[in-house]
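We call the chains A, B, C and D, going by the order they appear; numbering starts again at 1 in every chain.
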Amino acid sequence: MTVRAAVAGASGYAGGEVLRLLLGHPDVEIGALTGHSNAGQRLGTLQPHLFPLADRELAATSAEALAGHDVVFLALPHGQSAAVAEQLGPDVLVVDMGADFRLKDAADWTKFYGSEHAGTWPYGLPELPGARATLEGSKRIAVPGCYPTAVSLALFPAYAAGLVESEAVIVAASGTSGAGKAPKPHLLGSEVMGAMSPYGVGGVHRHTPEMIQNLSQAAGEPVTVSFTPTLAPMPRGILATCSARAKPGVDAATARAAYEKAFADEPFVRLLPEGQWPSTAAVHGSNAAQIQLAYDGTAGRLVVISAIDNLTKGTAGGALQSMNIALGLDETTGLSTIGVAP
Amino acid sequence: MTVRAAVAGASGYAGGEVLRLLLGHPDVEIGALTGHSNAGQRLGTLQPHLFPLADRELAATSAEALAGHDVVFLALPHGQSAAVAEQLGPDVLVVDMGADFRLKDAADWTKFYGSEHAGTWPYGLPELPGARATLEGSKRIAVPGCYPTAVSLALFPAYAAGLVESEAVIVAASGTSGAGKAPKPHLLGSEVMGAMSPYGVGGVHRHTPEMIQNLSQAAGEPVTVSFTPTLAPMPRGILATCSARAKPGVDAATARAAYEKAFADEPFVRLLPEGQWPSTAAVHGSNAAQIQLAYDGTAGRLVVISAIDNLTKGTAGGALQSMNIALGLDETTGLSTIGVAP
Amino acid sequence: MTVRAAVAGASGYAGGEVLRLLLGHPDVEIGALTGHSNAGQRLGTLQPHLFPLADRELAATSAEALAGHDVVFLALPHGQSAAVAEQLGPDVLVVDMGADFRLKDAADWTKFYGSEHAGTWPYGLPELPGARATLEGSKRIAVPGCYPTAVSLALFPAYAAGLVESEAVIVAASGTSGAGKAPKPHLLGSEVMGAMSPYGVGGVHRHTPEMIQNLSQAAGEPVTVSFTPTLAPMPRGILATCSARAKPGVDAATARAAYEKAFADEPFVRLLPEGQWPSTAAVHGSNAAQIQLAYDGTAGRLVVISAIDNLTKGTAGGALQSMNIALGLDETTGLSTIGVAP
Amino acid sequence: MTVRAAVAGASGYAGGEVLRLLLGHPDVEIGALTGHSNAGQRLGTLQPHLFPLADRELAATSAEALAGHDVVFLALPHGQSAAVAEQLGPDVLVVDMGADFRLKDAADWTKFYGSEHAGTWPYGLPELPGARATLEGSKRIAVPGCYPTAVSLALFPAYAAGLVESEAVIVAASGTSGAGKAPKPHLLGSEVMGAMSPYGVGGVHRHTPEMIQNLSQAAGEPVTVSFTPTLAPMPRGILATCSARAKPGVDAATARAAYEKAFADEPFVRLLPEGQWPSTAAVHGSNAAQIQLAYDGTAGRLVVISAIDNLTKGTAGGALQSMNIALGLDETTGLSTIGVAP
């Protein structure tokens, strides 16, 4: 079978990454590419790394341009996906890489995004308990945020196995592509090279409720999250350092056993051998996640660290992985676990 | 008055930074420069940025070579300072940038460094309560580690003011110069560019007991520390993200007031205006520390973030600052709060 | 058909890149992996980005270990390939990624490498006139150096078409992986980040005679090359800026026409649309080369600029491309023209 | 004597660097700071590295705001300096860091900048033969462009000594701060990290006629320049690789002798010892220039390479150096030859 896929928002980083991966997907034929301010331009100048699509022209994002496809990927600014999705009809698989349909709690949405909640779609993080069942055959997929992907993979096994207390402390470093392609002074190369700096400190980052939602579901009880994102001087990658107080009786062995069990059959998650630690460089351009953990007996905390590529596993790769499940394809089709390093 | 200063270990990063700063100190005359494997070489090839010293030749590190100076800076591998210091006599100001004399607890030293404890010298972090008094007139100074400097500045006011519970969680990112100049495969540019990765996870990093020592002293009770260092793709800088559970009654206002009080008269610490966050780029090459804090009401934690240059305020700049105090000079002589940015 | 491939020198950058690409080649089965100092170690710690091969153990490089394969890739230090190749027999396809068999002139070899010349093998730059014919069915392939690949692609059309005089001036910037994985102080991340610096200036770089050989062959007369390599603060990529005095009558149009003709049917070379310039970021991890040219009427020179990934098109990708030709496979099998960007 | 200095355009990179250096100048008192779109904002948020000026507020750029100072530094967009300078009166020292008054040939100005030529001021590159005499006591200074500074220092001795033919080929790599602080997509950190790319190829870069002017003056005859600038993944620094065909009889010794003579008494130019090559890292934040040369006998060319900090010696440092001369101060006052490295 050949799936015709369209991409709305093809000029941005998420859209470009989806196209990079779709070009390597044996069952996908790339259809319409749309943009907003870039409509009418050729992709070769906007995404010069996508050589095979260099001569493709961007159409203006509209229901007409996106019609007639089996799958439509939405890489649009937050709040714009609902209107487009409605017009695409119930039989088209719509994969939203924006935030619109990730949260279950409408109040959370309004608190963090300020607008009215559009709804909740099946959540595209297949590794979460029960997630695959909700994705199979679905026509709507909400792709997780990049930080929630990294953090949920690191901590859900600990909460699912009851290894830790309900207060998680998370500090994550992200490459600059996570901030998007819109030019802003603080994202200039001159500003970010040589610079580590935090932002959205104090629980105000929009990915926080999404992490709480995932971890609380795994724990079966409310989990609190102290999340601090930092901007790192690299184009891609997220390194998430997560910890929580270990429950009585938990030690290094029990913790490791729980993680080995959780990821035993996961094609894209690698629990590293003891002594080896995750690095964003090792997953550059791949859909893999590297995980490692340590039990700090003195501090009484379990520390779990994950590394992913924010654009691949954290966005477009996760989107294709969920698409594969929804369409009944092999989950790994067109996705690689091999990083581009050094 | 003119102070004659010698530097043992002048070919490394700490030694080079001390020389960079000493060259700008109006009261210091640079005397002997010594090295180990580099003895006999000219500094111009080892430290090409130190133009005025390019033709100076390194002597072999020995008591003879270091004799006849008012101040001797030791930038030697851990465990080698004691033997040298003994031979320098009690009247010479010895500033040790190694770890040998930082810890008060001999058991901690042996646990983390494996050798016998050499002793404890006055601790060169002047901003800590009571520290200046112990440094004035002292002939021996133990310069703090770079991570403990960043972390102690971020958290001591919270503990001194009783704002937070006794469990601190710290994740810090450091530039690669913190790992030194000895060539190791994982420190190659090809490996570190584009890479964020942790190391010394689980409470095993040697700077952990030093943080515990400083924070427990400020708190007046034992503090536990969960510390995770990460290597960031930049040559210099430390960004420390520190948090602890806020005590009942603490809020953003009380916390900020405590920090404003703690740093009101500090020449090198800048509590940033609300809404502005620290960046390592802003303190590049300077002796300044940037601090900002946030109270996360949902998570119930106080988050404090500090940025320093690991080689300047974190090592050589802190060393000169303490030297100034010990010698009765103005504490800020020869030190700048101006970063080299972008 | 399935080809069994072995890689000698699997722990280095060239070896790792060959493995990254072989993992995506549908007709190749990866056999023996050998190393020298790393023999006995698992690949997972040496090449953590090669997830599927993490548990493979390196054997010591020997004829026995490499026996029984259809193709053997040699990623060995210069001068070590000949001895190994001899023992592999005439029926095995040996692809040497070292320099040993690139040069035709034994005197050049001895002048630049200091040892005795081992011989000359078919040269693995298929885009050069006549190259494919020499590669088809060959059992020995000398993979070009990374700089000669970038420079020859940029200038051979100009010389083949007689557009320029015989003196070429070339300045190229390379990512640090081109310097290999052996830890040296000047390659530390602390040293290379923020640094542009030249090396091998004045015609002494070992890739110079290889460029002269390729360009002289294209010109049908001796070409002189002034080549200056520089080290750039990035892990991968080569940007080669090449120029030569234009011959009378040459202008922008005639030059562009010659380049369009030269690359019209090349699957991996993209002559960019006018106004767009090559970037190493656009070919990161891909086997593509980007080319653009300008005729500078005031200076009377033709300026041609090429961008490649030094490890892919510049080494391992070029090796697979030539292997495909030698084995009668489609030249593009297992090779991508899609870069990993941003 | 204390000089009151104002800076117009204090929010940009050139303006920020002038302020960084003025803060260290013992004879200067910093007066008015002006901006355009940033008027009314505090400098602490615009230039967070300038700690001592954090609370200073930007005024709108106007003759009134800039009145009453001894020196006014103009860091304005090209073409805006003349109007401001006119209103400042003849007794104020006006140091223009823009391009407006650099060129002598009005036709060149119009060709490369498109507007009418405003005039020609004494040229602020003191190292050029005769330059200091024109700067002493002058009330107007045109600060050279960053590329012309690096290139002129590298090649003027060769042309002044008649070592080379009249065709110079130059390829230079610049840090991203040279492109300014205005946010543009291609200058985003995500785009520039990992990327080397050229721009302004084919003699169209606006700094080309300035190089030709300087080198032709040194040669006493017309010099042609093929100049290709490239953008490098670093915030600061220029590495210029310059070459020209050596005249008969010239060899390594004669060339080196000419350069030793040319720079013997220059406080900011360091001709490196043979075998050592310039690096932008070594001059980071300093007013020094590193120079090295090689005679390529095979290619018959003299290759000269220079490294400077584009913002310091290339802009603001050069501006202060010329200001010192104009005011009769020691030329080196407030300027350092010490780089911030690693």
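Here are a few things to note about the model shown:
Methods note: a residue touches a chain if its C-beta (ideal position, glycine included) is under 8 Å from a C-beta of that chain, and two chains touch if they have at least 3 such contacts.
All values reported here derive from a predicted model rather than from experimental measurement.
When each chain is reduced to the average of its Cα atoms, B sits farthest from chain C. C-beta contact counts were set side by side for A-C and C-D; C-D has more. Chain centres here are Cα averages; for chain C and chain D they lie 37 Å apart.
Centroids of chain B and chain C (each the mean of its C-alpha atoms) stand 45 Å apart.
Shown for chain D are the residues that touch two or more other chains, namely 13, 176-177, 188, 190-191, 193-194, 233-236, 279, 281, 284, 342. Within the complex formed with chain A, the chain C residues making contact are 13, 16, 20, 23-24, 44-45, 47-52, 54, 177, 193-194, 235-236, 270, 272-273, 276, 279, 281-286, 288, 290, 336-342.
Across the complex, chain C meets chain B through its residues 13, 175-177, 179, 181, 183-185, 187-194, 233-235. Listed in rising order, the residues of chain B touching chain A in the complex are 167, 169, 171, 173, 188, 190-191, 193-199, 201-203, 224-226, 228, 230, 232-237, 239, 241, 243, 245, 277-281, 284, 292, 294-301, 303, 305, 307, 342.
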